[in-house]
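For reference, the structures are reproduced in the following blocks.
Two complexes follow with subunit A in common, the first pairing it with subunit B and the second with subunit C.
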Partner chain A sequence: MTKIMIVDDETDLREMLNLMLHKEGFETATAENGDDFLNKIDEFQPDLITLDVMMPGLTTREILEKLKEKKTKPKIILLTVVRYSEEEKQKLYQRGIVDYVTKPFELDHLIHTIHKYVLLSPAS
Partner chain B sequence: MQNKLKKTKMFRSLTTTLVFAFLALIVVIILISSCLNIYFRLQTQEKVIDGQQQLIAQKAADAVSNYILQKFSELESGVRLGDLGITSQEEEESAMKKLIGLESAFRRLILLNAQGEETVKVSRLSSFASDQSTETLDDPFFLETSKEQRYISSIYVDNVTSEPLVLIAVPIKDVFDDFKGVLVAELNLKFMWDLVDSIKVGDTGVAYVVDMEGDLIAFGDTSRVLKGENLVHLDEVYEFVGGNESLYEGKSEISKGILGNDVVTTHVCLGSPDWAVVVELPVEEAYEDVNQELRLTALVVFLCIVLAVVISVYLSKRITKPIIKLRDATNKVGEGNLDVNIEVSGKNEIGQLARDFSQMTDNLKKSKNELLEAQKDLERKVEQRTKEINEKVNELEKSEAATLNIMEDLQKTVDTLKETQTTIELQNIQLKKLDRIKSDFLNITSHELRTPMSAIKGYIQMIMKRTLGEITEEQKQALNVIVRNTNRLDNLIQDILDISRLESGTMKFISEPTNIQQMVNEAIETTHSLAETKTIHLHAEVEENLPPIVIDKERIKQVILNLINNAIKFSPNGSTIILRVKKETNNILYEVQDHGRGIPKEHQAKIFDTFYQVDSGMDRKFGGAGLGLSIARGIVLSHGGNIWVESTGTLGEGSTFKFTLPLIPVHDLEGKFREVDIFRLKDAKKTIENDLRNKTVIWEEETKEKGE
Partner chain C sequence: MEELKVVQVNYWKEIRKEINKTMESLHGLVLLTHNSIEFSDLIDFLNNLRRNQQTTILYISLINSYSHIKQTLQTHPLASKKLYVVDCVSGFLLELQDTVDCVYRRPPPNLEEMKNLIMKNIQWSNPNIIIVDSISQFINFTVPTEEELHNLYAFLRSIKEDALGITRDTIILVYDDRMGSMKKLPTMFTDTIMKLEIIKEKPEWKD
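Then we have the complex of A and B:
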């Protein structure tokens, strides 16, 4: 079963996504900030994570930097509030981010995006 | 240096060449003529010597031959006078004694009778002296021969005196020509020696007689004759003995002589007896004249050559001297010395050349003088000009001092300007810091406002999709209201954030080449369902083959959507909305035409202001915060375009919203929008900047004027 980890500091949003993805049939886990995520990742070994771009504690850049040292290499979908230019998108792809979804998002759009990368994953 | 050496080596004086040429010519001529002369002289000399020798030899031979013949005649006379062979023995003996007394050369006389018997014998010598003649007399051949003719024997030598002796015999015949006997005489050849010795051959030449065996018979040096020397080893004698007359006859030869020296020699045969006279002339003497001539010729040749050298040198000098003079003159002219006088006279080509050269030099001198004149003139002019220039420079220096004063003033102004600029730059930095704070603030606010909205919308969607269980119809109606209001709230948040970003200049634009047709299609599609709710017909007229232009596609689409949404909102049911896009000279023009109630003239300029709808107290029934047009204006202006509305204000004629976007993109789209700067600080900055720019321009113009 495909494992998805939801990394978000907003409890309500995190739990909503957790419930929704669980209902969609994924095995899910949550983390409330960067440190929490890095602690849990090797244990849960997710295939994909949704990563909130703005969280207290570690910045997104720091999280991505430390993720390099971990054995597990999940696909990352970034949850953001801004749009990115082509140049910026290329930089994101270089750092291991496969796609991004702008808040507030339509649930169907998010699920569609996740399915796009999970289907390509060898784990599924 | 090396080059020079080479040149010197290569150079060969004309004089030397001429001298060598003359010399070679003269020497060759002299040598050829001398050689020919000597050759012919030698030939002649050879012939002369040959002739002389032949003559001498012949003379000698004749002398020897005559001597022998005389002896025969004497013998025959003796026979006739003494009636030998006829008379008695006593008479015969007396006659023979008389004969021997008369002729000292006869050593012995013997009378033989017809039978060859000795009858009478008289001798000058004592009786005991040996008689070698008998050997010959006993020879039968002797008798046979002497019966008919004169006989001469071969030479033999007396054993005691070593004198060469020969027997001669004559036959004795009576009146009937009957053979009566033979008178034999032993002839002493010693007497012939004096004869041979007397033969003169030049000054130092000699003559001698040899017999058929090559034995020496007569010679000046009697001791050699007495020794009975054989001379066959001498070439000339060998020729005679060998009988190779045909090869050498009549020719003087150079060979070894009897005295062992080189001689010119020849021989003549006597015939009878079989002897030959050989004459020898030493080569030195024979060719003495020639040698002398040779020496004289050599001397003359040498003198001629010496004379030739002198003449050659003199002639060559005479020819080349004017040429050398000309060359020296040319060199001097080449070095720039035109005062050259060439002393070359003569009416030949060189003289003509010298005169031409002089003429040329004179012309050159004239030209040079003219040039010098021109140069002096030029120098005078230059001097004058320099003076004028100096005067002008002085004037300029004076004016420069004045300029310097102005420059100082200007410098002060510049300093002041620089101070102002520093102040402005400091303010700029502060402004940028402020911009940064604003940007961060808006980003955080955006995140904080949207995150809860995401949670709310997420749960509503889950409920609506029955993911969390079945819902009643009433619950569904309530949820629809919630969804509608949530969307309104979401849009409002979106608009407020947009306007805030536009006003603070932190709006982020993402420019990319955009296909306009595609963008318009997407906008029509998005608004299609809304239009259908009022049965409004949406019609798009996009000019074909529009070039892709660089814009923020999402933002421009937002503007178009806003205008269409507004049009739908204010249009009556069933009306038509037309979206037109066409190319102008520098712009793309977008038009959205509706058939709504129109906009009164007094409102047309104000409707783009923020919250205008709210302030104006317009009919609230259409909803909206009045931010849409304000955002649209911000986006369009940020793209370097313009936006406005055209409407008569008459009900039913509707209104047309128009905006332009430049064909050449504004690359730095970010922060372009400054019109509604909420802090007004940027306007202040701009004013200062303009002021500064104007001042700089004025200063530059002033400096330019003074520089000229």
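Then we have the complex of A and C:
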């Protein structure tokens, strides 16, 4: 089954996404910040993560840097309120980010985006 | 039928006929609410503000990256205004160096720290107008807690006393109201509360 990890410091959003993605048929896990995510990633081995850009603690840049040391290399969808330029988006794609979704978002839009990247993964 | 209780009555005035007068005289502490506008829409708003006057603006961004701002300014120039930016968002993802008109800082975790950020950055930019975009990260006027309101009023009073001056006469706090109706308007300490509503539709293509 395709595994998705939700990394977000907003408890309500994290739990809601966890519930909805589980109902969609994904195996899910959550992390509440960068450290929590890095501690859990190699044990859970997600295929894809949704990563909130602005969390307390480690910055996203630091998380992506430390992720290089991990065995698991998930696809990353950023969840963000920020509007980036085209040039910045290109730089993000070079760092392993496959897509980004602007907050607040429609759940259907996020699920549609996730399916673009895990559509072909085997489901049990 | 379930009986509903009125919790707030807000009056809004359409000011199209007096927009020039309103925008020329806009000063003090301003709350600018909007329905998820783009940065280009904010430029249009600013271009209506003090037309033909040389004005310096300090824009504290928790929404738009400096790179996005520069990209937008290429197609939507800011007339007769000098813009300085405190970019609180790009540093999360990219390693960047400060420039003459932009500094990269971490986003303030609360309004008290936001005040400190404003005070530190008015030194180098010496603005006439300060814009904070946005305060939506700190408060939701649909369901504000007592603590959030208390912190907001402390912030408003504090920046009004310490950040406003003779030449630095306007602070615009931007608020995105997409999270719901504004049940609590911060009428205390604010001089003006405006709503900017931009309605967009896909164009109808004709043969």
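Descriptive notes on the structure:
Here is the rule we use: the second predicted complex is superposed on the first by the 119 of 124 C-alpha atoms of A that agree within 3 Å, B and C clash if a C-alpha of one lies under 4 Å from a C-alpha of the other, contacts with A are read in each partner's own complex, and residues count from 1 in each chain.
By definition in this document, a residue touches a chain if its C-beta (ideal position, glycine included) is under 8 Å from a C-beta of that chain, and two chains touch if they have at least 3 such contacts.
As the structure is a prediction and not an experimental result, all values here were calculated from the model.
Steric overlap between subunit B and subunit C is present once the structures are superposed on subunit A.
Applying the stated contact rule after C-alpha superposition, one finds that A:82 touches each of subunit B and subunit C. In the superposition on chain A, A:91 makes contact with subunit C only, not with subunit B. In the superposition on chain A, contact is made by A:59 with subunit C only, not with subunit B.
Of the two partner chains placed by the overlay, only subunit B lies in contact with A:19; subunit C stays clear of it.
In the superposition on chain A, A:4 makes contact with neither subunit B nor subunit C. When both complexes are overlaid on chain A, the residue A:106 reaches subunit B alone and has no touch with subunit C. Once the two complexes are overlaid on the shared chain, A:41 sits clear of subunit B and of subunit C alike.
Working note: subunit B versus subunit C after chain A overlay, options 235-243, 469-477, 631-639 or 649-657, clashing stretch identified as 631-639.
According to the touch criterion, the shared surface of subunit A, contacted by subunit B in one complex and subunit C in the other, consists of residues 54, 81-86, 104. Contact residues of subunit C toward subunit A in the complex are 38-39, 62-65, 67-68, 70-71, 89-95, 106-107, 109, 137, 178-179.
Taken in their complex, subunit A has these residues touching subunit C: 53-54, 56, 59-61, 64, 81-88, 91-92, 95, 104. The touching residues of subunit A, counted against subunit B in their complex, run 10, 12-13, 16-17, 19-20, 23, 54, 81-86, 103-108. Only residues 443-444, 446-447, 450-455, 457-459, 461-462, 465, 467-468, 490, 508, 510, 512, 554 of subunit B touch subunit A when the two sit together in their complex.
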